[in-house]
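What follows are several structures.
Two complexes, one shared chain (subunit A), two partners (subunit B, subunit C).
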Partner chain A sequence: MAATGQVKDFTATMGWARGGRSSLRSTNLIRIGLLLGMGIGWEALSRSGLLFRDVVPSLFSIWAAIWKLVMNPAFYANLQVTAWEIFASLAIGGGLGVAVGIILGANRFLGAAYEPYVYYLAPTPRIIFFPVMIMWFGVGVASKIALGALSCFFTVALSTAGGMREIDKVLIRVGRSFRATPWQMAMKIYLPAMRVPVLNGIRLGFGTATVTALLAETKLSNQGLGFMIMQIYSRFDMPSLYGLLIIVFILAGVGNLILGKATGTSA
Partner chain B sequence: MASPSFSQSRAFPILLGASTFIGAFVALEVLLRYGVVNKYVVPLPSQVLMSLERIVVEENIVGRMRDTAWEMFVSCIAVIVLGVPMGALLYRWQPLRRALLDWVAALAAAPLVLAFPLFLVIFGRSATTVIVMSVITGLAPIVIKTTEGLLGVRSVLINVGRSLKMTDAQMLRMILLPAALPVIFSGIRLSWTFVLISVVGIEFLINLGGLGQLINDLAERYDLPGTYGAIGFVILVSVIFFMLLERVESWLRPAR
Partner chain C sequence: MTLASTATTGAPSGQRPQLVIDKVFKQFGVGPGAVTAVDHVSFDVKPGEFVSVIGPSGCGKSTLFNIIGGLLDEYEGDVLIERERIAGPHKAVGMVFQEESTFPWRNVIDNVAFPLELQGVNKSERLDRAHHFIDLVGLKGFERLMPSALSGGMRQRVSIARTLVSQPQILLMDEPFAALDEQTRLLLGDKITQIQQDLNQTTLLITHNLTEAVQLSDRIVVMTYRPGKVKRIVDIDLPRPRSSDVVSSDAFGHYVAEIWADLREEASRGMADSESARRGGSRG
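And then the complex of A and B:
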C-alpha cells in the first residue's frame, strides 16, 4: 500500500491543469465510451455461451444481486462488524504508529537504531501473522483488529517519522525558546506541523487495515463482509459474489477518498 | 583531527537496535520459562530457533521455496510485460492518459486481493489463481511509474531523437526507456513488493503451494515453534527480497 501514496501524489499533479473545459469533456466521453464498451463486451460474452454462464453472469443479474444485497439486513450487520474492525485497527495501530513515528523522527539516534526494523518489516505480507493473532486473541473480532492494527502501524509510523524530520527547524527552535514541555512541543508544534504526513499515513494505513481485516475474515470468521464473501462463494452464487465485491471496492474507495480529501492529496 | 567517539559513530545505533532485538528475545525466554507468559500461546524463542532445522529438513522448504519462487517469477515477469507497454500507451495518448490514470491509481488502492474467491471459481485452486491474482495486484504501480518516468524525460533528449529523425519505436527503445529506467524500476520495485505480498498471502489463504501454505499447515497442526519459525523465515525472505530490490534501484539511480 505504500505505493498508493506515491501513485496518488503523481496523479494529483497530472489533474486537469493542462486542459480546459473541452479536454474535460473529451476525457469524460472517453470514460463513458470505455465503460459502455466494457459493459456491452461483458454482456455479449455472458450471452455468447463461450464461457460457463455463471463465471461471467449478466450485468442485469449482478445489478439485481447488488440490489438484493443492499436490501438485506444481514449485509448491514456484517458491514457494521467490518467497519468496527477497521476503525479499531486504525485507532490502535494508527495511534501507536503516530507515537512511535514521533519518537523515531524526533530522535536521530533512536531513528537510526530502530527505524530500519520498521522500514524493512513494513512490506512483509501481514496476513501470515493471522495464526499468531488467533492464538493470542481468539477467533473473534479481536484477532482481526489486532492484525489490522499491526498492518497499519508500519505505514503510519514511517509516514509520521518522515513528516517529523521535515518539520521546519525554526518552529522547533521557537518552541524550545518558549521552554515548552515535551507534551506542549508535541501538541503545539509537532502534530500541527505534520498534519499532512500523519493524515496521509493514516489514509494509507486505512487501506492496509481494510485489506488485512477483510482477508482475515475470509480465512476464519463468522461475521463481517469477508465472511459474507466466503459464504456466497461456498454457495457458488456468482452474481452476488461480483455484487458484494463491487460494493466492497466502492466502500473502500469512498473511505480512501474521504481521507484523501482530508489530507488534500486525493487524485 | 580526533576520531568520533563510539557513541557518535554510525555503528552504535545499529548495535543498539540489534542488541534490543536480541534482548527482547532473551527477556521473552526468561518470562516464558518462569511462566509469566503462557507457553501454549508463545513458544520459547530457543524452540523457535531449533525448529528452523526441522522445518528445512522435514517440511521440504526447498521445494516450497521453489514453488513460491516460480509463482513470483512468472508474476514479476508478467507485470513488466503487461505494465510497461500499458504505461507507454498512456504516455503516448494523452486523452487516454487523462481518462484512465485516475482509474489506475484507484486500482492501486483497491482491495483487489479480496477477489481471490472469484479467481478460485475461474481458475480453480491452482498456481494460476495465485499468479493471476498477483499480477492484477501488482500491475497498477508499474503502469503509473512507467507513465511518470516517460513524462519526466528531458525534452532536450527527445529533441535530439527528433533531429536524428528517429521513428517512434527507435525513440522509445533508444531514448525514452533508457532515460526513464530509474523511475520505471521504482515502479517495478513497488509492483514486485505487491506481488510478493500477494503470492505469499494467497498461498496462505487458499492453502496451496509454497511458503504461505507452510505457515497454514504448521498452524493447523498446532506446531507453535514451527509456525513462529516459518513466519520468521517468510519475513527473512521478504526482507532480503526487498533489500535486493532497493540495492538494484540505488544502483540504477545515478544513471539518471
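And then the complex of A and C:
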C-alpha cells in the first residue's frame, strides 16, 4: 500500500502521471478498435455466405440468443450448479493444498520425499481421472467437485510450498525465540509471510477449478453450464452456443477480477 | 569517586551464575571441509550482569548466540540457565538478531507488540506497553508506519523494542547497533544501560565494536579468530551508573587499548585467512 502510494507520488512529481494516463487511454482505444474490427469482420463473414450457414451466425442473432439465455431460469439453475462446483472444489482442494504445501515446505525431509510426486502429477491432465471419480462419486455434482478439488490441489500446494521456502529464515527464528506455538507460527508468521504466493496459487486454482468443472460437465453430466453447452450443441443452435460461450467467458473474467481484488493481488 | 570503590559488577560477587556456557563446541559440516565455528567456549554470567562477547567477523559469535538462544540444538557442551540445561528457546531469554528481522507485513506498533500478542495480553495493555518501548528507542510518531518506510537503523530499533517489550530476564543481542550511526549508537547504548540497571536485567551483547563493548559491559569475553575460542576475559571496572560520557575518560582509553592489542592480532589473522582463501580461489 505504502509502496504504491510512493510510486504514484514519484510519477506525479516527475510529471509522468499525465503521460501514463493518456497512454492508458490509447490502449483502451486500441482494445475497443480491435473488438469493433473483429465484430465487423465476423458480421461480414457471416453475411458473405462463404462458410456453412449458422457456423458463423450474425452478431444480431447472437445478441438475441444471449438475451434469451439470461431470461431463461434454466440458465440460472445451471449457473448455480457450476458455481457451487467451482466454489466447493476451490474450498476443498485449495484448503488441502495450503495445508500440504505448508507441511512440504516446512519439513525438509517430507519435502524432498514427496514433492517430486507432486511435480510429476501436476502437469498430467486431470480429466483422465474423471472416469475414476464417476465410479467413486457418481455422475452428479460430487464427481465434478472431486475432480476440481484434485486439480486445484496441485496448483495451490506447489505455490504454497514454493512460498514457504522463500520465507526469510530469520523471521522464523524470531517466532521461535518468542516461543510461539506451532499454531501461532503458522497463523502469525508463515501465512502472512507467504500471503502473496498463496493468494496467487488460489487464483490459479480458481482458473483450474473452472476449467475442470466445465470440461467435466461437457463430458458426462445432467446439469451445469458445460452440460448446457453440450445440450445447445446437440441442437446445433449456433447463436445460443456462441452466446453462452461469451457469457461463460465474461463470468470467468469477472470471477478472476473479484478474486484478484479481494486478495489484493493484481491481474 | 575512585574506581575501586565503585567497581560494582551489577551484582554482588559470589552470587550464583544465571547463565553458564560450558565447553560449547560446534562444527559445521563433516570431513576435511568441516568448519569449527565455536571451540570449547566457557564463561558465565551472573544475574544483572552485562557481558559482551567481542571477536573478529566470522569467529563464531552468531553461532554461539543461536546456541544460547536455543535455536541450534546440535552442539556439544552445555548451556545452563538457572542450573538447568536448555532444551530449545528458554522462557527467560529474549533475543535481538543481527539480521533485519522486523515483520514487513506489520506496522511499527504491531511489530513491537508481537510478543505480547503471543502471550495473549489484551489489546489496550499491549499497545500501552508497546508505546512505552517505542518511545524509549526514539521512534515516537512512527507507530503506524510500515518497516519498508523506515531506515535500516530505525528498523533495528523496532527489533530492539520488540524484544525489550517482552521484558526478558536475560537479554541476548547480536550486533544490534551495527546499522546505527555512532551518535545514535551511543545514545541507544545509554538507554539500554538504563533499562538494564533499572530492571537488573542480565545482558549478553555480541559485538565487534570495541568502544560499545567497553562502554556497556561489566565483563568482556574476547574471542579468537577461527576456531572461535575464548582468548581472554576482561573485567571492566568503570563506575556505574554509566553513561556515554564514560568514553572520554582515561580509564576507558586504557581498556580500549588493552583489548585492542588482543583483538588486532585476531583480526589480522582473519584478514590474512580470507586473503589467502581469495588467492587460492582465483588460482584454482
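As a working rule, the second predicted complex is superposed on the first by the 243 of 267 C-alpha atoms of A that agree within 3 Å, B and C clash if a C-alpha of one lies under 4 Å from a C-alpha of the other, contacts with A are read in each partner's own complex, and residues count from 1 in each chain.
In the analysis below, a residue touches a chain if its C-beta (ideal position, glycine included) is under 8 Å from a C-beta of that chain, and two chains touch if they have at least 3 such contacts.
Computed from a predicted structure; not experimentally measured.
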{"item": "Per-residue touch tally on subunit A - higher for subunit B or for subunit C", "value": "B"}
{"item": "Contacts of A:F249 with subunit B and subunit C, given as first, second, both or neither", "value": "first"}
{"item": "First, second, both or neither for A:G207, with subunit B first and subunit C second", "value": "first"}
{"item": "First (subunit B), second (subunit C), both or neither touched by A:R31", "value": "first"}
{"item": "First (subunit B), second (subunit C), both or neither touched by A:A64", "value": "neither"}
{"item": "Touched partner set for A:F129, first subunit B, second subunit C, both or neither", "value": "first"}
{"item": "First, second, both or neither for A:P116, with subunit B first and subunit C second", "value": "first"}
{"item": "Subunit A positions touched by subunit B in one structure and by subunit C in the second", "value": "1-3"}
{"item": "Residue ranges of subunit C touching subunit A (in the complex, touch as defined)", "value": "66, 69-71, 88-89, 91, 93-95, 97, 99-101, 103, 105-106, 114-115, 117-118, 145-146, 148-149, 166"}
{"item": "Residue numbers on subunit B that touch subunit A, as the complex places them", "value": "10, 12-14, 16-17, 20-21, 41-42, 95-106, 108-111, 113-118, 120-122, 140-141, 144-145, 148, 190-191, 193-194, 196-198, 200-201, 204-205, 212, 215-216, 218-219, 224, 227-228, 231, 234-235, 238-239, 242-243"}
{"item": "Parts of subunit A lying in touch with subunit B, wherever the complex brings them together", "value": "1-4, 6-8, 10-11, 14, 16, 19, 23, 26-28, 30-31, 34, 54-55, 109-110, 112-114, 116-117, 120-121, 123-125, 127-132, 134-136, 207, 210-211, 214-215, 218-219, 226, 229-230, 232-233, 236, 238, 241-242, 245, 248-249, 252-253, 256, 267"}
{"item": "Complex contact set, residues of subunit A against subunit C", "value": "1-3, 168, 170-171, 173-174, 176-180, 184, 188-189, 192-193, 195"}
